[in-house]
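First chain A sits with chain B, and in the next complex the same chain sits with chain C.
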Partner chain A sequence: MTKCLDPVILNLWHPIGAIAEAVPGGVQDTVLLEERLSFALNADGEPVVWRSRPDVQGPDRVPAADRLPARSTYGYVWTSLGSPPAELFPIPEYEEPDRRKLNAATFGVNVSAPRAIENFLDMGHFPYVHTDILGVEPHTEVKEYDVEISVDRDEILATRCRFFQPMASTASDGGADVDYVYRVPHPYCSVLYKSSPVDEARRDVIAVFLQPVDQEHVRAHMLLCVLDEDNEDKVIKRFQQTIFGQDKPILENQVPKRLPLDPRAETPIRADKSAIAYRRWLSQKGITYGVIPVAA
Partner chain B sequence: MITLYDYELSGNCYKLRLLMSFLGIDYKTVPVDFYPGREHKSEWFLKLNPLGQLPVIEDDGLILRDAQAILVYLAARYDPSRSWYPLDNPALLGEVSQWLAFADGITSTSSAARLHDGLFYDFDIDAARAGAHRLFRILDEHLWFGEQQGRNWICSASHPTIADIACFPYIILSEEGGIPRQDYPAIRRWCDRVKRIKGFTVMSGVFPAGPGKIAA
Partner chain C sequence: MLEEARSRWHPIAATHDLQFRHVFHGQLLGREFAVWRADDGYVNIWENRCLHRGVRLSIGINDGRELKCQYHGWRYSNRTAGCTYIPAHPADAPARTITNRTFPAIERYGLVWSSEEPRGEVPDVAALAEGKLLALRGIPVNAPADKVVERLKAYRFQPNAAIGGEGAETIVEAAQDFAVALHSRDGGAETHGVFFVQPVDSNRSVIRGVLDQEAEGAARLAILRHHNERLSKLRDEVEREAASAPAPTPIEPVYERVSAELAEMPEVTTHGRKAALRVSVARKWQTADGIAGFELRPIKGILPTFQPGAHIDVHMPNGEIRQYSITNGPGETDSFIIGVKLERDSKGGSKCMHETVREGDVLAISEPRNNFPLRRDSIKTLFVAGGIGITPLLAMAQALKNQELTHELHYFAQGEEHLAFADRLKYLGDALKPHLGLSPDATGAELRQILADYRNGMHLYICGPGPMLEAARKIAADQGWPDTAVHFEYFKNTNKIDDSSSFEVALARSCVTLQVPAGKTIMQVMRESGIDVPSSCEQGACGTCVATVIEGEPDHQDVYLNDAERKAGTKIMTCVSRAKSARLVLDI
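== the complex of A and B ==
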């Protein structure tokens, strides 16, 4: 496979690791878009990212010219192989002090990033894949919901999503109709808002940030930003890992691994409205990496 | 009550959840943040198991580590039918022990491949996958010949034993380590039989058997 030539993807910020799991001074190696990268936190706790090379063993020895753009946002180190925008997409809820903010896990998944985003957007699989947690038969209907591509914010927004969930989160004490809002503010990242069982006026935030290792492999970073005063961190993480572990074999068995953007390639149903918008949005952006573009 | 120190995505922990579900035993769970927290290497956990490995159980003051050892203990103590660990049948006990050791081999190959792909463990992935295929080939032949003789399970008995439980998780999860099972039809049929044992329970990444075929 050739390395990434897609300028849109090259110029994005991409997540490469959780700050919480970085050891100060310790160098971690990873792969982004088929390039080997190393990253570490310097003495000030700021992330330093560079293309891996044997003669550079620590963040303080990286020549300035060899450093890649780096930022620490939402608990992760982000970098770019091109010229990234000044800002990353906003998640205002992340600043709210009473939220629990955790990296549920970073998992390697044998799937393209767009396929993983589509699965994240899909409610139809809840009763079958996340049985007794995010769904249960016979409550299988995906009710009508709204999707828009916001031109101002350059993101996809799915609203008015509702689903019956037996156990929507660790803070749940029984089944409930749960409201969802989905955002796709980045071709490989999605943010989900769902009713909080502890505060009717607010929503839990769960985001998936996909690090494209290559066109058919990702590292999936899962951010939790939730309201839960009772459960230990590990209990909240375990809940989300359980969900993700159920999705994993489904994701890894999708064929073709890259997401086909031709509307005739796969047959959607009404419940797939958000996926249709997502594919159209990727096409409009001219994205070629991790997808099968529409034939010219 | 039995306490299981548990990580949801661990196939070795799943072995114990499976047996306790088959036997209908109540237990409580202490979650251990194996990943990303590496809590199995924390000071408090190393006091329970100096090897820093899951699972561990505590029962009536007894602390026991190692999935296979715990299967032996739980079945010997809590299975009144004496079928899961057939204490009264020395030849069968020998077979069970033989396949428990084989299950350890599946862990060090198939589970290692899964840890490499999913959790970024620094293992030799080609060696892990090749090792798993070698074991799967041996088990597939063993099961195929068994089917010819009317035997449905790994050991020579008319019922499953803890050897079936010990081998099952890292076989059914093998695709997460890039180890497909297309070439092992007898293993696939055996997996379906395990899934149809009364009391079977799933873990993340394992799905229940589809509806059975109605005999023509």
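== the complex of A and C ==
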């Protein structure tokens, strides 16, 4: 497989690991866009990222030529193989002091990043893949919702999404419609807002940041930013890990693994409005990595 | 070479791989298949990806009649591979043309054969007379097929009757690109063995051996073990050889594109009142007093996919056209079963079916259309059938029964002898509730009881004679059933059609304006201008000719739309309904 030649993807910020899981002084090796990278936190707790080389064993003596842009945002180390923008997309809720912020999990998945994003945006699979948790038969309908591509923020926004969830809140034993809002502010990242079971006026925030290892493999980093004062970290994490564990075998059985952008490659239905918008948005950006572009 | 290989038949599985309700992952020349046997015995070989999001169908669920995708629960029918249900949109009938790519399947020599673009027949192997054969375990080999065939020419084995011996003489009787026929003799014992090589990919193969003699018990095990050991050894040798050569590039499968219509979200339009299919009457029988059952089989090929609630137009020998619901359960796709009641004042439709049409006759029918789709997201579904109104509801009840969704079928009839399709009713078990010999008043009382406990999420489907249908709709409304939960289908429109108005119709997409004079329908005027309009009953009952109203006030004269839809004024049946305003703008 050839290494990434897609300028849009090369110039993005990409997540490569959770700060909370970095061992002080320890070097972690990973792969981003088929390049071997290493990263570590320096004495000030700032991330340092470099192209791996056997003679560099720590963050202090990395030759300038091998050093890569680095930032610490939303609890992760981010880097880029090109010239990244000054800022990463905003998640204002992350700054709210009463929220719990956790890396729920980092999962390796044998699929392209765009296939994983589409799955994150999809509600129709809840009764089949997340049975009795996020959905249950016979409540299978995906009701009409709205999708827009915001030109000034350059992101996809799906609103008025509702889906029937069994045990929707701890307060009632029956199921009910739960509200969702989805954002895709980055080709390989998506942010979900979901009705909070503890505060009617606010929403829990769950984000997935995909680290493209290559065109057909990702590491999925799951950020939680939720209103929950009762449960232990491991309980909150376990719930998301269960959900993700159910998605993984489906994602790994999608053929082809790269996302086809030709509108005639697969059969969309109205429930797939957000996915259709996402595919168009990737096409308009001219993205070629992790997708099968429309034949010229 | 690849083109040649694609046109050949190859074994892709052993018959014993297709276990009850299992989906087998087959492979041939870089392409994957989902291979499954329906309960009626039919072997389906499909492209191994759901047309929706590309998920492998080999991880799907074979329920004996349909294959269900794991990701979004889309259901695909046995034989036709057509999609019959999309759970995300329970109120819509899926576009008929969402059909998976299928490949031919033939079972022979204990193996399942297929081909991408078959020319000719499955190879006829003289050494393997049909009947008592023994198919060996398939041996996967990481090597190109031609290298495996070369090695197989030197394969040595003991005949079945001397399996424990040594030193049998094995000779090559015939060798081809993908098969080697061997003969082994040891004294008086001899066995023919044919070893087919399935080209899985450019560098992967499966050896599928078949012996000309069966064996039982311990002898059979000894034979299987003998070949397993020797073929495994052969595999090691050929893999060592293949590993020393550069691996050939894997074969890239080419996926067909879906049709342009399906790639767009708007609904597909169906065209005309056409009878594209020819069927023969395979069976005609009296299924109840005054009701004839007909089994219609395709003259050639397979029938198109149908959904529960769908009907077909039957074009009769006397020139009449009538609509009949398909009563089949899911996955029953080898024939259509319809029921025809002899009407006392028949104008030639049911009379012709009862008196003129015989077994063996050829009839022209339309493709199935579904204007009475079944939701499957109901917490409980009630079906209320009156007399021959059982036919669409019977198909629906069988679909829910197959998916184990809660339902009741209330079947009103004059007496036991009037209950049609006893075998299908029996399949429904306790869900069937017959109500026999009731007067109109007693029927009303019974319906009030049946429809008493409406809860949010329930759905009601009614089909039967006009007066009973009216009564059931009224009772449902009185007892709190919203319009959106009550679905119905009339046999015919008994309203007196008033066609005295004249008005203008503008067709927005076609950019034409037409004058509809008194005495002509919108549909007739459109057809005279060369605009193709789909239709079926042409009397405002079936819903096929529905059009969207963009502007103007419709004068509804049909029995298809419910009260809420009539009030909304956004749909019109162009075969009978007209305009109250001087001008209508339609989305056509």
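Methods note: the second predicted complex is superposed on the first by the 287 of 296 C-alpha atoms of A that agree within 3 Å, B and C clash if a C-alpha of one lies under 4 Å from a C-alpha of the other, contacts with A are read in each partner's own complex, and residues count from 1 in each chain.
Criterion: a residue touches a chain if its C-beta (ideal position, glycine included) is under 8 Å from a C-beta of that chain, and two chains touch if they have at least 3 such contacts.
It should be emphasised that the depicted structure is a prediction, and the values quoted were computed from it without experimental measurement.
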item: First (chain B), second (chain C), both or neither touched by A:Pro249; value: both
item: Contacts of A:Gly286 with chain B and chain C, given as first, second, both or neither; value: neither
item: First (chain B), second (chain C), both or neither touched by A:Thr267; value: second
item: Partner chain in contact with A:Gly26 - chain B first, chain C second, else both or neither; value: neither
item: Contacts of A:Pro69 with chain B and chain C, given as first, second, both or neither; value: neither
item: Partner chain in contact with A:Thr140 - chain B first, chain C second, else both or neither; value: second
item: Partner chain(s) touched by A:Ala105 [first = chain B, second = chain C, both, neither]; value: first
item: Chain B versus chain C as contact partner of A:Gly45, first or second or both or neither; value: neither
item: Contacts of A:Arg238 with chain B and chain C, given as first, second, both or neither; value: first
item: Set of chain A residues, in rising order, touched by both chain B and chain C; value: 249, 253
item: Residue ranges of chain A touching chain C (in the complex, touch as defined); value: 118, 124-125, 127-129, 137-142, 249-250, 253-256, 260, 262-271, 273, 276
item: Sites on chain B touched by chain A in the complex; value: 7-9, 31-33, 35-37, 39, 117-120, 175-176, 178, 203-205, 207
item: Residue numbers on chain A that touch chain B, as the complex places them; value: 18, 20-21, 103, 105-110, 219, 232-235, 237-238, 241-246, 248-249, 252-253
item: Interface residues, chain C side, partner chain A - complex; value: 32, 48-49, 51-56, 59, 70-73, 86-91, 98, 255, 257-260, 262-265, 376-379, 405, 457
